[in-house]
């Protein structure tokens, strides 16, 4: 019954979400033997001004890692 | 001092939020003996393209369960 | 596909968890029309020294609300 | 490697986010000896109709505490 | 700067954690172009009596999916 | 009504928790004007084998940053 939450800074595409969800659910199934359908994956696209690394907001940086 | 986070796919109405918050805080008060006012309940309305079940985004499905 | 996380300070019994899970999944089903089986509920029993209200840890208080 | 998530009801300004991120990463560095750059801080600005205290949504109240 | 949280019911081995962390950070790097080292992955091994599917605790079931 | 969750790798002392809770609730009060008592702060002390940076578990490293 895994539940996975993925937080990323900024927007990502539907295709990227699908590809990551596939990779993660494949991994969970292969490594833990859990059915893919039992696996909930929730993405949070965090605005860059809402993510700080130390005292610097990502919106102030040129590019995040 | 319970803290409850509820993630649902898609939008729900203010009336639905009120009804769920009432049910949950009633339950917490009755079962655990905590005051309602100590109970924080936060809803996250997750866009359907941000919720995957296994490798399928909910936005690709006809209807979620 | 709701996902609910409940954080409480201190330990609660299995019977209390069952009762709260029943109340919440009943509410989700009645108010949102989601099947109970699609509803994941995860409890976190937080040690009282790991929960602060303002600058006071609950382990320092006589009783939480 | 601390990860900090801050949920507030309503919007806050970029300046407020910067000031809070500075205070928290300073505290983590001073108290725990972790480098600021290892510290991720994520803000969630929760709509007031998505935050309940007991059975009352904050959007129904005059003012939150 | 992705942050990933993985909740599973019951204990998993160190080897399983390493394999899943590798798969996920590989995916994040390949799909999103983020460096692996910017990726924090946190596992929560949830006791089965703390995870309910609807009104049934996993500790009451024979086996989770 | 802020809610703050702090995840750190490994154990920290009660004194460290108190100091961090004081710093954070002071900051929230000063910057946002919220009362300290409305501020819930929850610490998660994550075992080092449950925290990965990229594909490396912290338990495999000499020291985290």
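So that you can tell them apart, the chains are marked A, B, C, D, E and F in the order they are listed, and the count of residues begins at 1 in each.
Methods note: a residue touches a chain if its C-beta (ideal position, glycine included) is under 8 Å from a C-beta of that chain, and two chains touch if they have at least 3 such contacts.
Small disclaimer: the values here were computed from a predicted structure and weren't measured.
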Joint neighbours (chain A and chain B) are C, D
Which chain pair shares more contacting C-beta pairs: A-C, or A-D? A-D
By mean C-alpha coordinates, which chain is most distant from chain A? C
Hey, what angle do you get rotating chain A onto chain E on C-alpha, to the nearest 5 degrees? 180
Centroid comparison with chain E (C-alpha atoms), farthest chain: D
Round to the nearest whole Å and give the separation of the Cα centres of chain D and chain F. 12
What is the distance in Å between the mean C-alpha positions of chain A and chain F? 21
Spell out, as numbers or ranges, the residues of chain C touching 2 or more other chains. 1, 3, 7, 26, 35, 37-38, 40, 42, 51, 53
Interchain contacts (touch definition) - all pairs: A-B, A-C, A-D, A-E, B-C, B-D, B-F, C-E, C-F, D-E, D-F, E-F
Spell out the residues on chain C that touch chain B in their complex, using ranges where they run on. 1-9, 12, 16, 19-20, 23-24, 26-28, 31-32, 34-35, 37-38, 51, 53, 58, 64-65
Provide the residue numbers of chain E that touch chain F in the complex, in ascending order. 14, 17-18, 21-22, 25-26, 35-45
Any idea which chain C residues touch chain F in the complex? 7, 46, 49-57, 59
Which residues of chain A touch chain C once you look at their complex with the stated criterion? 1, 3, 40, 42
